[in-house]
Structures are given as structure tokens and as C-alpha cells.
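Got a structure for you, written out below as C-alpha cells; questions coming shortly.
Chain nomenclature is as follows: A, B, C and D, assigned in order of appearance, with residue numbering initiated at 1 for each chain independently.
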Amino acid sequence: MDAKELIARRVAREIMPGMLVNLGIGLPSMVATYVPASLGVFFQAENGVIGLGARPPEGMEDRHLTDAGGGFVSAVPGAASIDSAMSFGLIRGGHLDMTVLGGLQVDEAGHLANWKVPGKMVPGMGGAMDLVTGAARVIVAMQHAAKGQSKIVPKLTLPLTALRRVDLVVTDLAVIEPGEGGLILRERAPGVSLDEIRAATDAALVIPGEVPEMTLAD
Amino acid sequence: MKGALRPEAAAALIPEGASLMIGGFMAVGSPERLIDAIVARGVGGLTVIANDTAMPGKGIGKLISAGLVARVVASHIGLNPETQARMISGEIECELVPQGTLIERIRAGGMGLGGVLTPTGLATEVEDGKQVIEVEGKRFLLETPLRADFALIGAWQADYVGNLNYMLTAHNFNPIIALAGRTVIAEPDSIVPVGVIPPDAVKTPGVLVDHLLIRAA
Amino acid sequence: MDAKELIARRVAREIMPGMLVNLGIGLPSMVATYVPASLGVFFQAENGVIGLGARPPEGMEDRHLTDAGGGFVSAVPGAASIDSAMSFGLIRGGHLDMTVLGGLQVDEAGHLANWKVPGKMVPGMGGAMDLVTGAARVIVAMQHAAKGQSKIVPKLTLPLTALRRVDLVVTDLAVIEPGEGGLILRERAPGVSLDEIRAATDAALVIPGEVPEMTLAD
Amino acid sequence: MKGALRPEAAAALIPEGASLMIGGFMAVGSPERLIDAIVARGVGGLTVIANDTAMPGKGIGKLISAGLVARVVASHIGLNPETQARMISGEIECELVPQGTLIERIRAGGMGLGGVLTPTGLATEVEDGKQVIEVEGKRFLLETPLRADFALIGAWQADYVGNLNYMLTAHNFNPIIALAGRTVIAEPDSIVPVGVIPPDAVKTPGVLVDHLLIRAA
């Protein structure tokens, strides 16, 4: 199992029956693969269908039905089309139960940077600022480090996405829960030691007496 | 509704330096034939207000590649390297707006509101230069309305009086920009007799639409 | 022809082909009777259908289709259902070409009072404040006087409906156009003299050299 | 969506003093069976946020006549003399709000906005006690968001996952209050299998709806 699959499987376990969930493009979109249809979860993409489904059968793709990355998708029974005002009304108004986004950095205050690298990458924030501001629960799904640099940092050095503290960070090494008192280490990836996590993390971690291994979705 | 125009006649309505709101999300739901006609006409200095600038060769990306755009107001330009390059070279001025804020600013413009208060963007660089207003102990950014000379709409069906509807993820910005363009031009996939779209299925009332594009050949 | 019919017929002549028009309940709603279908006018009621039509045939009334007064109506071909946010978006956003409302008073500034008589009638403003604020053209259709009192007054004594100067006032005696310089007398009702209008009007009127008789719709 | 309830079970969710947004315009589009069940339960001190209070014997008028309402936020009460009388006697506190402002305040509450700026009500008594904010040289009233404990919706069709649609003038406040009630209860004329309401015909996504009322006997 590679790092991305591990993260996606762990995030999938956060999803409860009947939730409305937004998955960002890239790694977060992999989470859907590990959520059983029996949960009755509705996936939303911010471009506008509640009830996104898997890629359609070959030859049945329709240009009116894509995800936020522009890839062809299907829709599940009970889906609903919405325009962008309604889409972000659901997001900003707290009707979205959960969003899973990628991250560039999370800091000890639980703040996320995920939309801009000054002087380098200026893609625009898209829906990220609204999602982090408004979703009932914000989960960051990202690799623990990039190019040998920890992405869990004492203080953001990249531009902030939103004032709101994210609810959970899931990486290939750990599950971290930002709280009033800092970043609490909740779980270890299978076979990863506390020392390995500490060594890979620039930020200070609050480490409880017991830090169990992650349980992953099938 | 004034009638159906050929794409070149519709493009001819658009002067140098006009502001255009254009529907579509990564070109899904964008009026492609109308955009092609604008590229063919070659009128420049345009302001484009849209969710994104698609990618080269698709939707709004064609206007960017043709060098017709002087200013972009969008939430995301990351999948069009040409927009990025032209922004960095200074050819295109770019205002990046959070997606939910952008659609509300357009709606406010179309619905006669003076602005909306949103928590999105607080304490980020989006806050720069904006009024912060406190309501019931919470802080919000005051975001101001947007309008444009033209709204260019991609629709699924239109009827003879201009009523429009949209399909699946091709709704996106289209029903909202229909309110905020001083002239509204819609490119439907098909044009059907009055009554084929029942009143409850109309997403954009024909009274908002000035011109339809004639059906594709 | 009674006073109300006269007013309705004169207002009908203000309606141009293809307009979107809101008619208030009561007298204003009578205007529709005198607008030929060939004009392609769409009538809107603020409760939510564009393309209101006449009362349906006996036995075909449906409780899901009424005007703003709760009376049964029909819908014309090409009608569109809208919710209240869209309805008032059209009104406030200037998409409504014309509104015709009743009035209690209009004053020399062209201001309208039509929603409240303090200590007596407090029905609420309903859509009146939005309609007068936002419609492209505001026409007041009312009797010139009530209980012997002129309703065209120097200065409102009843609560203001909106800051916006109304565009035209049509009464059973006259057509009056409020402007920068005051209330301009534009037309006389058939057989009514300038002196009769002056005598029935508390407000000062600007009277041009020629004040023709009204032309009425069939 | 949690399932379908009998009217009396739905009414039992509503405690003394709850705030209720109720759909309908002069009772057209109001959830009549749910209102009857609330009257039968007799729970008082309610706040009602709605366009109007209908007339005695219809829709919200039944709650007024039963003496269950302590506070009304509405745009119009003129066709219900009982509301007027109870307001004058001090039994009901009444906040009158322009209709377009009322629906935007509800939408703002439901969509997480801190408020909207509207020109409606400027220089009238509606301005009293409100912030006036200038945007691009024009003055606007700041109108604040409204939410409620419950949204009670009259719909045309619902499907098994709670997707709703509405018919003709029975839309009115219903699709908007569905966003602004902490608990949303919908009374549809009929309940149909998933798929009978196509995605493009859904006006209120089922994810917003907590309970449906079971079909009428």
C-alpha cells in the first residue's frame, strides 16, 4: 500500500452514514473508493452535483457531468444538480458535513495553508477558503513531508487559507488533531514509531499516554 | 427576448474593452461557439469574470490564448498555464476571488444588493483593502457587487421566449450571471417550442435573456 | 366607465411590447384586462410566477397557482416558476420593467406613501418597498381624492414607501409626472378641466402650455 | 434524511417557545397537516418567521387563532385581522420586514453570510436602528441574517432521500427556508421513489431535509 492509499483509507473511516462530503481533487478524491455505498453518503463537488459517483462506463461519459477537476463522473440515484450559489451556500452555511482537502502546511494553531506558494504557484484559492471556513468538519489529507521538509510546522510560512482551525490532519505517518493546546498526536501509521513521527515533524506535538496504530478502511 | 443570432452577429455586439461574465467550470457549461466567434472577431482588451480560465484550447482558454483578455476576475487559474504566464508577464491583470465570494458578488450585482458579508477570506490576503464589519459579535468581510456588460451563457435547452435550463454540473455560474449581465446572450444545445420546458423546469426566465444563438449547423 | 376602469385603461397604454410588469392587488390588477396578448407582455406577481394569466375556467383552479392576493390565476405559455429570492432579485435588480401600485399619497417630491396609516392600518409593507425601490419604472394608479381629501399633497403626512421618486401618477382626473421641478400635469381625464384638477389637488402643479386629454386603451 | 413521520410525531419535536420558519404565501405552499398537528399539540410561545400570517382558518392563520404565537416576523399581516388585533393588544410582538429583505435575511442565515446590503427601506422607518453602509457612493441598509429552530416546508413531491420540488406559485419561501432551519420538516403532496425526481428537477436537495411527513391518509 502506498502513502496515498494509506491516507485515503484512514480518512474514509471518518465518514459517517448519511453525511454530505466534499472531496478535493487529487489525493482527497481517492477517499471515495473506500467508502461503502451502504453508508448512504452523498459526495458533493463544488462545481455542482450532490451525489457524485464513479467514472461512467466507457463511451457513456457526458460533458455535462464532471468533478471539480474536470474529470468525467457519474451520479448516484437521488442526486441533485445545484448551481454555484447553492453549492457555496451549502458549504458556507455549514450544511456540508465534511470536507477533505490537500495541504501545503498545517501549523501548531491548526491553521492550514494550501492555495499559494508566493513567487511560484498562484493558481487561485478556488473553493478552498470557503470550504475551510464553512464545512462542519475539515480534514486535511496530505503527505507528512514534501522534499524532505516537514509540512507540520510551528507557524505557517505560506499564506493562510482560513482563520478556522482544521479538525483533523491525516498523513502517511500520523493522525493529528489540532486543539486549543496544540497538535495532539492521536494515531500512528502501521509500523511507525513515535520517534519516527517526532523526527519527521517540525512542529511541537502533544503526545498522550497511548497513541494507537491507525485502523484503515477496507 | 429579441431573437436568435448567428454566432458572428452575437460576437459583433461586443466592443473592444467590454466586460464579459462567462458561464462554465473548467469549460463545462461554457458557450463554445460564441467564444469561437469572439476569437474570430478578434476584439481585444476584454475583462473576463468567470470561475476559471479553463485550459488552453477550451472555453475561456481560447480567449486567453488569442491574447484578447486584459483582465481576469476568477477563483482559479491554476489549470491554464497560459493565464499564469500572461499574468506574470503583466499582460493580464488578475483578481483572484474565493469561489463562494465570487458567485455571491455576481448575484448581488444582478439582484440589486449593495454587497454581502462573508466570513470567507478573513485574516487572509483576501481581506486586504476591504471593510470588516461586525454583526452580532462576529467579523465579516464586506464584498461588493459585480456586474458586466455581457453575460455569455451556456445552456442545455432554450425555448422560443428565451427560457433556459441547464444539465447536471453545467449549471455552475450560468444561472447567476444571467442576472448580472447588462446584455445576456445564451448558447443553448437545443431550442424547443414554448411549453416544452414546463414552468417549474425553467432555471433562467426568458425575460432575462436578450439573445439566443441559433442552433449549431 | 367608472373611475377605476378609466385609470386602468390609461395605465395600460404605458405598457410596451415584451415588458415584464408587476401589478399590485386591487385596482392595478385590472390593468391586465386592457393589455392585448399580442404585446407579448409577461406579468409577474411577487409570489412567484412570471407569466400570470387570467382566472382559469371553472373547476380548473389549482391551489398551487394564485396571484399575490391569493386569487386563482392561470399561466400563459412560456411562463416560469420562481421562488421569492428570485422574485425579489428581479424586482430589486432592475429586471422588472414596470410596477403599477396603489397609493395613499404622492407628494411634490414624487414620493409615495402606500403602506401604513399610523394608529389605524398596519398591514405591513409586503413587497411595496422593494417594488418602488427597484423597478425600472414605477406607476402609481389611484383615485385623485379619498373622502374628499386630495391624495396629491405638498408633503407626505403618511409614512414613506421608498426614497425613489415615482415615474408617473395616473388618477381618475389626471396624469401627473413627478420631476426635478415638481409635479408636471401631463394629461386631463376626458371632459375634466384644468380648473377642476387644480381645485381637487392640494399639491402645487406645474402646468405646461398644452395639457391634452388622456387616450385610453380599448 | 431520517425518515417519514406522522404529523403528531413531527409536531412533538417542536418545544414550547421554538422559532419556526414556515413556507407559504397566503397559505399557498404551506404545510397544512403539520400546522394542524401543531395546533392539536397546543405548544405555545412560538416565533413564526414567514411571508405573512395568511387568514383565519388557513395555514399560519390557524396557529395565530389558536393563540400559540408570541412573535411574528413577516412582510404582511394585512389579510389576517386576528394577527392585527393580537398585535394591537400586545399579545403578539410583530416585526414587519420588506418582503425582498426578509427572504434575503433568511437566505443569508441559511448560507452562512453575515448579512446583505439593500437599498430597500432607506429613509423609511425600516431604517431605524440599522447600520447604513456606503458602497461605491451609494447608501444601503445592513440587514442581518435570520435562522430558526425549525423550517416547516410545503412541497409538491419528495423522494425517499428527501429531495424536494415545488409547483408554480407554491415555491415562494419554501426553498429558501430549507437552508435556514436547524431542523427541516417537509410535508410533500406525494412521496415518490428515488429517480422519479431527476437531478435537474430537484429544488431542495435531500441533504437539507431531516424529516418528511408521511403521506396523507
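The rule we apply is simple: a contact is a pair of C-beta atoms (placed from the backbone, for glycine too) under 8 Å apart; a residue touches a chain by one contact, two chains touch by 3 or more.
All of these numbers come straight from a predicted model, not from anything done at the bench.
Ranked by separation of Cα centres from chain C, the top chain is A.
Averaging Cα coordinates per chain places chain C and chain D 29 Å apart. Between chain A and chain D the centroid-to-centroid distance comes to 35 Å (mean Cα coordinates, whole Å). One finds 55 Å separating the Cα centroids of chain A and chain C. Among the residues of chain C, those touching two or more other chains are numbered 49, 75, 81-82, 88-89, 91-92, 133-134.
Annotation for chain B: residues 104, 107, 112-113, 118-119, 166-168, 199-200 touch two or more other chains.
Contacts between chains, counted with the stated touch criterion, involve the pairs A-B, A-D, B-C, B-D, C-D. Across the complex, chain A meets chain B through its residues 45-49, 62-70, 75, 81-85, 87-89, 91-92, 121-130, 133-134, 159-163.
For chain D in complex with chain A, the touching residues are 1, 107, 110-113, 159-161, 163, 179, 194-195, 199-200, 202, 205-208. The touching residues of chain C, counted against chain B in their complex, run 18, 20, 40, 42, 49-51, 75, 77-82, 88-95, 133-134.
For chain D in complex with chain B, the touching residues are 104, 108, 112-119, 131, 133, 135-136, 138, 140, 142, 144-145, 165-168, 199-201. Chain B contributes residues 25-29, 51-52, 55, 74-79, 84, 87, 96, 98-101, 103-104, 107, 118-126, 156, 166-176, 203 to its touches with chain A in the complex.
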